[in-house]
Amino acid sequence: MVGEQPAKQDAPPAVMALSLPRAELSEAMQAYFAKCEEKLGYVPNVLAAYSHDDAKLQAFATFYNDLMLAPSGLSKLEREMIAVAVSSVNRCYYCLTAHGQAVRQLSGDPVLGEMMVMNYRAAQLSARHRAMLDFSVKLTEEPHRIEEEDRQALRNAGFGERDIWDIGAVAAFYNMSNRIASAVDMRPNPEYHGASR
Amino acid sequence: MVGEQPAKQDAPPAVMALSLPRAELSEAMQAYFAKCEEKLGYVPNVLAAYSHDDAKLQAFATFYNDLMLAPSGLSKLEREMIAVAVSSVNRCYYCLTAHGQAVRQLSGDPVLGEMMVMNYRAAQLSARHRAMLDFSVKLTEEPHRIEEEDRQALRNAGFGERDIWDIGAVAAFYNMSNRIASAVDMRPNPEYHGASR
Amino acid sequence: MVGEQPAKQDAPPAVMALSLPRAELSEAMQAYFAKCEEKLGYVPNVLAAYSHDDAKLQAFATFYNDLMLAPSGLSKLEREMIAVAVSSVNRCYYCLTAHGQAVRQLSGDPVLGEMMVMNYRAAQLSARHRAMLDFSVKLTEEPHRIEEEDRQALRNAGFGERDIWDIGAVAAFYNMSNRIASAVDMRPNPEYHGASR
Amino acid sequence: MVGEQPAKQDAPPAVMALSLPRAELSEAMQAYFAKCEEKLGYVPNVLAAYSHDDAKLQAFATFYNDLMLAPSGLSKLEREMIAVAVSSVNRCYYCLTAHGQAVRQLSGDPVLGEMMVMNYRAAQLSARHRAMLDFSVKLTEEPHRIEEEDRQALRNAGFGERDIWDIGAVAAFYNMSNRIASAVDMRPNPEYHGASR
Amino acid sequence: MVGEQPAKQDAPPAVMALSLPRAELSEAMQAYFAKCEEKLGYVPNVLAAYSHDDAKLQAFATFYNDLMLAPSGLSKLEREMIAVAVSSVNRCYYCLTAHGQAVRQLSGDPVLGEMMVMNYRAAQLSARHRAMLDFSVKLTEEPHRIEEEDRQALRNAGFGERDIWDIGAVAAFYNMSNRIASAVDMRPNPEYHGASR
Amino acid sequence: MVGEQPAKQDAPPAVMALSLPRAELSEAMQAYFAKCEEKLGYVPNVLAAYSHDDAKLQAFATFYNDLMLAPSGLSKLEREMIAVAVSSVNRCYYCLTAHGQAVRQLSGDPVLGEMMVMNYRAAQLSARHRAMLDFSVKLTEEPHRIEEEDRQALRNAGFGERDIWDIGAVAAFYNMSNRIASAVDMRPNPEYHGASR
């Protein structure tokens, strides 16, 4: 559909606002990028942003893949729901775009993805998911007020000790990731926007 | 795509969380609803929510249509951009969904709609649009701090006296509308989510 | 009483900070202004501010009069109490002045008006009024956190479904009205200050 | 004027919410109370509240009288303007009532008193007064962000080193006083409300 | 231990950022300073800062000594714990340094002092101390929300009416003191840092 | 020094509040722990907390060591200053204790460590360090408001593109680390408190 005169836009930064040349990548990272291209059709820009330093890229990728993909009492969808609810508090354009898409895809429910982006309280969540996101958002907004009763609320919702670690770790990670993205004005790959709608 | 087990959801409220029977609608309002059905394919749920009282419905519709559709120095897209940036501050699920779709449609730029929902500062905006949204968001977040220098910043960006009224009026309106929607848990029509992607 | 040298003041703006000539008013609006003059002795400045555009003035007046004067489970005083408690959060000089006077007049209790302006929690309110104002203030401060339990608290205090709509609608309206007043630096009529003391 | 049914109110606490018997007052304090009765017609309730302990009462009265009445580059009105602007941030019912009256009386300008209570930014202040209140309010809201440039802004507005001390000391004092009043729910004498209108 | 090149630092202000010559001190104040030198080895800089005006110094010292040293249901350590927890909210460098040392000294527990500075919620406190600090911190952060139920929580933790006054008075005082220190950039005596570790 | 009766304390959690048995550690991690014991005399509790899962421990240690120890335009002290200033905003007891000690040790300036814990604005910092910490704290408090002008302020203070990445990455990391510590109530090793005073 042809719209009104769209908002005038300068060319946006390709991947981020910092001018950092790509480093010589290790074989492991070259293989990882190739696998991304093969499975997704593109290398996520967060990896491209980190590719100015092979050691940092590898450390980030290892940390990220363990966190989001390793066996856990939390499903991959649950971890992505936390990612988006945290990123909503921090209003991180990159992470909301990339992980909002992941929630849409993993749940098969595009509206759920939108709700996580806009206000997770609008969703009709199970008690488990509500407790998980309430903890994650409180940890984001006022970490110094998290106390034993907050952990107990997770236990009451059925989470075990390791699950509580994982909820905290995922919520904490996106508080890092949101801020790296904001610090360097990271730009999401355009493929995310239309996918899984 | 078939996803993981989606989040368990109770049946969401049809239009809002209050049980209010539909009033006998006036001819004018019946005609208005019919026109919505014809042009959009549905009656926006905000109108359905107001239809428990014909006088309130009519007052709201008149006020809204003047604000968003009457001649103005602000284009319809600009008014919708304000609507979404304000609704993002207030994290209003209804308005972000409905007016996010309007920005996507009017601009022909789905990414612009996403940016307004997530963080308008991520968009590469013209100086005019940036000033317009900065004023609207400050008016939303800390209205008691708006002073002459804020109005002057709009004049410096090329806006006239009447334009300043209109910017203030639209931003103020969504501060009302967001809160009516939140007060009654208004639910957006499902058509918005996938449209204009 | 003769005071110290008062604070040096430039001539304040007559009605608002925007220079907008008065429009040709419709007969209906002329009659409305005449009625204000007759009953109050003046035209409230909010109406004068809107009179640069007859359609906007009429839409505003209709919306306002339905909201504040139409039959409702909320008394006129209750609606004014909400207006002032909301305006206190937003620190709106115009609305606190005008509606603070209305609370003083309708209640016959000047101290109640002052408490609504300063901190409604200082008043010895009935459970009904406390619940009504707690909801209104939460809706003002953090609309995205209003949930079913907030509506239930109103039901527990004796409010019905339509009453909840009306509380939400009045609180939401003053979140608009406060911001229009702040956007254009609207000035209250001087008559309010000394009245009903 | 006879109003609507006023808000139902339980008997408010006479002076404060704590049950503390009056101490045997020293001669100096008895004389001070007598002087209050003679000059004002009543003993301010803050003094009555402190009168459970003669040493505390005397320390408070001495501290207060030096602060608000001793020679200073700030006029008494200016000190009262700071008191009210600070109390407005902290929404202290007692101090807004008592010191709002003082601003009305000392300035001979009831509207100025109202503006200090509601939002000092609404007043057409001299550069001197605006700088004085901006510093006081920033010191109230975010004391940890006060830096040399804030003191320099006062110097630029014509204040000397001792004046800066006095502005800081008065603003700081009402941050104490507001909180004592809130801690014990101190009630202002009814005489303040109607005086100097 | 020899460190890296330390952060380059200009000479810090000796006692505070204002240039105010010391006043002729009264005999009482000279004796007080002599006693400080004798007992502590130094005059606390807050007293040095006040010494530009003998009346203010005397009023402050009297007020302070009554508050912190007079008989009370609160131990001296408890009063210092409140001082530090409040100063932590206000991020006051002077008071955290001076009163953090006092908590370390009076408790004989350096870690308790650190916890009060950093986040009192991290300490394993008795119910009495937790209630005392929760009230003090709420009174600091949002005094306008203190209500009867907050006082009742103190009574439930075993505090009497006078204890509640004292908790409120100490917490309120440091809200003043923190702001005087911030207003004039008061510098703590260097002796505090290493003491009682 | 023998103090007053210290605050009653229950036995604190050894390392964290979650009951998670230590995993079988890999040789690499066993060697890493041995090296800690040898060089520091203890294994930092953050590593002990992660040791319930060897893969997570290794990912964290690798990520951390690259961030804080790898070559960078930022000195190790500068990275620790960021760690503490960020942890101060988030009021993280663990990180303030551990990294406050690191600032004291690396700078040889115990007071600098205290200032970073209490309020970095109290330190007399070089323009470079002030810009570095202002960016880090803004990124912590309101990441969604970081824009190009914030990065430019770093460039103006002499930082290069890679330095900006590193400042953002360190500040972001402690926003994660603070929240993991808060989520699980991580307890610092007691050795930190008295060291480098």
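Letters A, B, C, D, E and F mark the chains as written, and numbering starts fresh at 1 in each.
Everything below uses one rule, namely that a contact is a pair of C-beta atoms (placed from the backbone, for glycine too) under 8 Å apart; a residue touches a chain by one contact, two chains touch by 3 or more.
Keep in mind it's a predicted model, so treat the numbers as computed, not measured.
Same interface as E-F, judged by over half of the contact pairs sharing residue numbers, among the pairs A-B, B-D or D-E: A-B.
The angle of the rotation superposing subunit C on subunit F, based on CA atoms and rounded to the nearest 5, is 180 degrees.
At the interface between subunit D and subunit E, over half of the residue numbers appear on both sides, which makes the contact a same-residue one.
Pairs B-D and A-B differ in how many C-beta pairs touch across them, and the larger number is found at A-B. Between the Cα centres of subunit B and subunit C there is a gap of 23 Å. Taking each chain's centre as the average of its CA atoms, subunit D and subunit F sit 43 Å apart. Taken residue by residue, subunit B touches two or more other chains at 91-92, 119, 144, 147, 185, whereas all remaining positions touch fewer.
Interface note: chains touch in the pairs A-B, A-C, A-E, A-F, B-C, B-D, B-F, C-D, C-E, D-E, D-F, E-F.
Of all residues in subunit A, those touching subunit E in their complex are 144-145, 147. Taken in their complex, subunit A has these residues touching subunit B: 1-12, 75-77, 81, 88, 91-93, 96-97, 105-112, 114-115, 117-119, 122-126, 129, 185, 190, 193-194, 196-197.
Across the complex, subunit E is touched by residues 17-20, 52, 55-56, 59-60, 62-63, 66-67, 70, 90-92, 135, 139-140, 143-144, 146-148, 151, 161-162, 164-165, 167-169, 171-173, 175-180, 182-185 of subunit D. Contacts from subunit F toward subunit D in the complex involve residues 119, 121.
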